[in-house]
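One chain, chain A, links the two complexes that follow: it is found with chain B in the first and with chain C in the second.
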Partner chain A sequence: MARLRRFIRDNAVPLALLSPAVLVILLVVLLPLIFSFYTSFSNYRLIRPDSLWDFVAFRNYARVLGDGEFWSALWRTVLFLTFALNLEMLLGLGLALLVNRITWGQRTMRTIMMFPMMFSPILVGFQFKYMFNDTIGVVNNALQSLGLAQEAIPFLVDRWLAFASILFAEIWMSTAIFAILILAGLFAMPRDPVEAAKVDGCNNWQVFRHITLPFLMPFIYIAMTIRSLDVARAYDIVDVMTGGGPAGRTELLWTLIARTAYDDARMGRANAMAYVSILLSIFFTWFFFRKLMAARKHLGAF
Partner chain B sequence: MAEVSLNNVVKRYGAVDVVHGINLDIAHNEFVVLVGPSGCGKSTTLRMIAGLEEISDGEIAIGERVVNHLAPRQRNISMVFQNYALYPHMSVRENLGFSLKIAGRPQDEIARAAQDAARILGLEPYLDRTPGELSGGQRQRVAMGRAIVRRPDVFLFDEPLSNLDAKLRTQMRIEIKKLHAQVGTTIVYVTHDQVEAMTLADRIVIMKDGHIVQTGTPLEVFERPVNTFVATFIGSPPMNLIDGVVDAGAVRLSDGSALPLPTRTGPIRDGQRVTYGFRADNLMPEGHGPAETGPVATIELPITLAEPLGAESLILTEIAGVEVQGKMLTPRPTRPGEVLRFQLALDHCHLFDADTGVRLGQ
Partner chain C sequence: MKTVTFALASTVAAACPAMPAQAQDYGTFEGYTLRVKLIGGAQYEPLYALIPQWEEATGAKVEILSRKSHFELDREMKQDIAAGNIGYCVFSSHTNFAPQYTAMNQPLDDLIPAEVLEAFSPLVIEHSTVDGELVELPRHSDVSNMFYVKSLYEDAENKAKFKERFGYDLTPPETWDQASDQAIFFADPPDRYGTHFAGKDEAIAGRFLEMLVANGGRLLNDDWTPAFNGPEGQEALNWFVKLYQDKAVPAGTTNYVWDDLGLGFAAGSVAYDLDWAGWAAYFNSPDSNVQGDVGVALAPKGSGGKRSGWSGSHSFSMTKSCDNKDAAASFMMFLTSHDAQMIEARAGLLPTRSKVWDDVTAEFEADGNDFMVEVFEVWGESMRDHAFTPPLVAEWGEISNALWPQLQAAILGDKTTEEALNTAAEEVTEIMEDAGRI
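Coming up: the complex of A and B.
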């Protein structure tokens, strides 16, 4: 006790200066976290506030884990993540390699490349919703005018076409993040090992495969980590384009959680879902971070 | 078997010529060193031989083949880079075997070649480390090992020792020379360090501003520099140069004193403006140098400063207001201002045209 008192006396000023920050974090982050964690064990419904004290232990979790709708949303989210991350990575890599070759007007090109990132995801959602619309959409219009399709293609109605359309919007918006990060890697890349590899007998593809790509891997994993968190909470584009429908066919985790929480007003159950799905985000972050560490290990000498 | 020949090779960046039509023939197994101050085009020349830079004009041939339009990988060369350029994500073993792996050789052959290279260069204990875990000297050795594994026609070295400390540099210099004796391949070596050039080369090529100034064995360029640039660039300390005018079989200096013409001067007219050159080794105090067999001029000069190096001292003094260096063998302590009688060996003095810097006489 005496030691604690002395510690406080010796560090009075730093402690006083830190206390507002600590207080804000406690109020804004920790308290809601504890509260939401508690509600996931209660039968809390928004329309019946007194149900907050209705403690049901693991019933929410048991129901969520036994719910087919939840599992299909989870599975669809993982699928969405896998496609989005890999396609964005490949496209971003290609884009970065191309832009890196430009000698004239590269700055302008880099700026233009970032345009999609400047739009609000909701606007991107609306934009693609209208483009893919089956009666007034420009895509259907173009396909039919060119004679490539005889009748309207229900882009946002068919299960897989709707999934692909959302994926397309997501990729359109976010490929630039991969491209920018990989481009930064290419700028930082030393020229010597590339030249050494050329002298050692590599053709351009082999140089890329054995030298450039290993050097870029940490940058790719950083982009993957950031994007996996981003995509795992994809909500706005989906909500705008299909609203998770038709009939829940494009429901991702967060649209399902939002529906359960606000439309069905089952706050306790929604929170239980959220805590389960956070595990997914944690898994992806951990996975990419481990990859990142492994890839970075040897790059100190570059 | 691989000779390397450069025929009127030009490198142009836009409108600027960096290398102006170089001609050079390198014999099989010859160790040629390109040396010159930074920006003289020596590295560019090497990179053109390697194929890392395009040739703007002229022709480069390795062996019988003109390689102008061949990619580096088709030229059968190895290159050691200044920054080692190791592959950081591969172990030493993988670094050594990389070129053979790319060439699609069988596993056991790759393993054996890597092992052999490691043995020659004393890298066996480090085979499973990555470059990040090696010291500068070890990395340098891996870079060299990677070069020999390929059994190339030509080795190219681009200032390989300039990132090492002085002691390690001397040591690696010897290893490179041993390596050449051992594997006996044509070597083109670029450096800005004239000591490296002198000690390693069979033949030195001195470059300046994109031109070859002089080509010759180390002794030739040391004893017969074609102009004042070579005279001051090769040898340490640089050659002493004093301006004067030829006057009745002697060179009259600015303060009115005269130095006798060097013995090897050809016919020369009075009134010609010249630069008189001699090395510190040929200006020695009486009794502190080898007995001179040739003609000498004796001059009395006051000492400004002495730099004792142990076996010899460098003596700083002045002739006609120009600071010059002499050398004192089996040195004794000296005082600043002390007047010594120096012997100037006329057999080893040089005369250059004062305007063009070009050597006069043979």
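Coming up: the complex of A and C.
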């Protein structure tokens, strides 16, 4: 106790200066978190405010964990994350390497590359919804006009095509994030090791595999961490393109949670789902940070 | 030419709206600002052009806090209730949604004079009454009936082929079984499909409900347990499954919403479309590929001998916390007045006042607009004799959300109809338990 008093006395000024920020964080972040955590143990329904005090202990969690639709949405989200992150990384890496080789008009190219990021996800969703539409969509029209398909392909209905369609939209919009971060890595990369490797007789693939890629890995993991949090809460594009359907075929965690919370007004149950799904985000963040640290160690940063 | 004349008349009517303010005394609320949340969208906005007249007549001002689609507004209402943030007086509601807003609905029985209510269709007022209290003043109604491409039904070759294949004459379907036969008969994908349906959200849940009721079934038992998973429900769901598997409907129909139906029929891509009357004028306009070739008929009957008639009314409701209930009531009566309803009725929206039905039909007759006369006759009969709502309970939205993904699962072949309905029934049981009804 005496030690605590001494600590406060010795650090009075920094503590006083920090206290408004701490207070704001407590009010804006912690209180809502505690409140929503409590509601996940209640039968809270938005349209009946008094149901906030209807405590149901672990009933929401038991139901969520025993709900096949929730687990399907969770695993679909993990699958979506895995495909989206890896494909975005590969495409982003390819784009960055190509742009890095350009000697004329590189700035213009970088700007053009960022165009998809400038669109609202809702607009991107509408754009691809109409492109993949089975009757009026340009993709179907093109395939039929070119004689590659005889009848309309139900892109937004078929289980895997619908999944691929929303994945395509997500990748189209966000690959540039990887490309920009990796390009920053390429700009920061020292030339000496590359030149030394070439003098030693390494071919281009060996230089890329053993020098360029290890150097870029920290940048890739940072991009992956940011994007994993983004994709894990993917909502807008999916909601516009398929609404999680048909028959739950493209249901991701947040389309399910949003419908439960706002359309069904079952906020207690939705919060229980959200808390289970946060574990997913924490796992991916932990995983990529571990990889990041390992990559930095490999580079000799520590 | 008739349509052009009608369109011109409608435009003139919209540009120079009638003067309901002069027909009735709406009171004086000098200096008061009435805060409202209204449904937005092309079909709903023309009515709001009248608001300045109410402001002029009463001395009050209207502040519109929200103008959103009904589903967005519904989410906002729920959040307002949860947050206790109900600082407005009037909001757009709907008969199917109104029971959810019990926490904020102000009963209107003592605020709207009996003589005003008498002018409304009794059935519509009954649908606006929840637990014995009038909670909304209906603005216009909605019920689906049949639009079909006349030339397809009148074609002699089609008639002969149909009779040979199905053994009865080709006329607009009287039963859902006939509707199924005809959709299969007319399907010629990808150029034309027999029909289509809005395959997600409340749209398909409501369509399933009306077929279930038409087959003699019901959604819930008296003890609030699910009743839709019996033979009547399976029969209703099998109707959708059969059409989908026989490719009589577009493959993407499970993602369609209401607008896709209207636009699809106007494009000439289906033989018939079950839809609301709000599309009627557009279907017969120069923008439509089926102009002058549109027939209308009542919605088919189910195996129980009853016609489908899932219905509801867009309405105005008042909040309990409203600080000037007289002004709010005045505003609601103004926007549902005879002349205000005439403006919406001219565009094909179904009025809730009995006299407006007669007056707008007389106007169409005077204009020589036989098509709209026929539309109002068919939809009028439907509203009068066949319309019904889902159970007026707060849980309808949740029930609908439990139902439609399962209906889709059966339609797409992921589950049998029995499995799908039983799964939905389990979810609905849980919903009713959580709501404290079971």
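Everything below uses one rule, namely that the second predicted complex is superposed on the first by the 275 of 302 C-alpha atoms of A that agree within 3 Å, B and C clash if a C-alpha of one lies under 4 Å from a C-alpha of the other, contacts with A are read in each partner's own complex, and residues count from 1 in each chain.
Please note the rule applied: a residue touches a chain if its C-beta (ideal position, glycine included) is under 8 Å from a C-beta of that chain, and two chains touch if they have at least 3 such contacts.
None of the values given here were measured: they were computed from a predicted structure.
**Q** Given the superposition on chain A, are chain B and chain C in a clash or a fit?
**A** These partners fit in the superposed model.
**Q** By the touch definition at the top of the document, which applies to A:290: first (chain B), second (chain C), both, or neither?
**A** Neither partner.
**Q** Which of the two partners, first being chain B and second being chain C, lies in contact with A:209: first, second, both, or neither?
**A** Neither partner.
**Q** Can A:192 be said to touch chain B (first), chain C (second), both, or neither?
**A** First partner only.
**Q** Look at the residues of chain A and decide whether chain B or chain C touches more of them.
**A** Here the partner covering more residues of chain A is C.
**Q** Touch test for A:265: chain B only (first), chain C only (second), both, or neither?
**A** second
**Q** On the A-aligned overlay, A:200 touches which partner chain: chain B = first, chain C = second, or both, or neither?
**A** After superposition on chain A, A:200 lies in contact with chain B alone.
**Q** In the superposed arrangement, does A:6 touch chain B (first), chain C (second), both or neither?
**A** After superposition on chain A, A:6 lies in contact with neither partner.
**Q** Under the stated touch criterion, which partner chain does A:245 make contact with: chain B (first), chain C (second), both, or neither?
**A** second
**Q** With both structures superposed on the shared chain, find the angle between the C-alpha centres of chain B and chain C as seen from the C-alpha centre of chain A, to the nearest 10 degrees.
**A** Once the structures are overlaid on A, chain A sees chain B and chain C at 150 degrees.
**Q** Across all Cα pairs of chain B and chain C, what is the smallest distance in the superposition, given in whole Å?
**A** Closest C-alpha pair between chain B and chain C: 52 Å.
**Q** Can you list the chain B residues touching chain A in their complex?
**A** On the chain B side, the touching residues are 50-52, 71-73, 77-79, 81, 83-90, 98-99, 102-103, 130-132, 139, 146, 150, 156.
**Q** Considering the complex alone, what residue numbers of chain A touch chain C?
**A** Residues 43, 45-49, 63, 69, 133-135, 144, 151-152, 154, 156-157, 242-243, 245-249, 259, 262-267.
**Q** Give every residue of chain A touching chain B within the complex, in rising order.
**A** Those in contact with chain B are residues 190, 192-193, 195-203, 206, 210-211, 214-215, 298-302.
**Q** What residues of chain C sit close enough to touch chain A in their complex?
**A** 71, 74-75, 78-79, 81-82, 84, 100-103, 189-190, 199-201, 250-252, 254-255, 264, 269, 394, 397-398, 401, 405-406, 408-409, 411-412, 414, 430-431, 434-435
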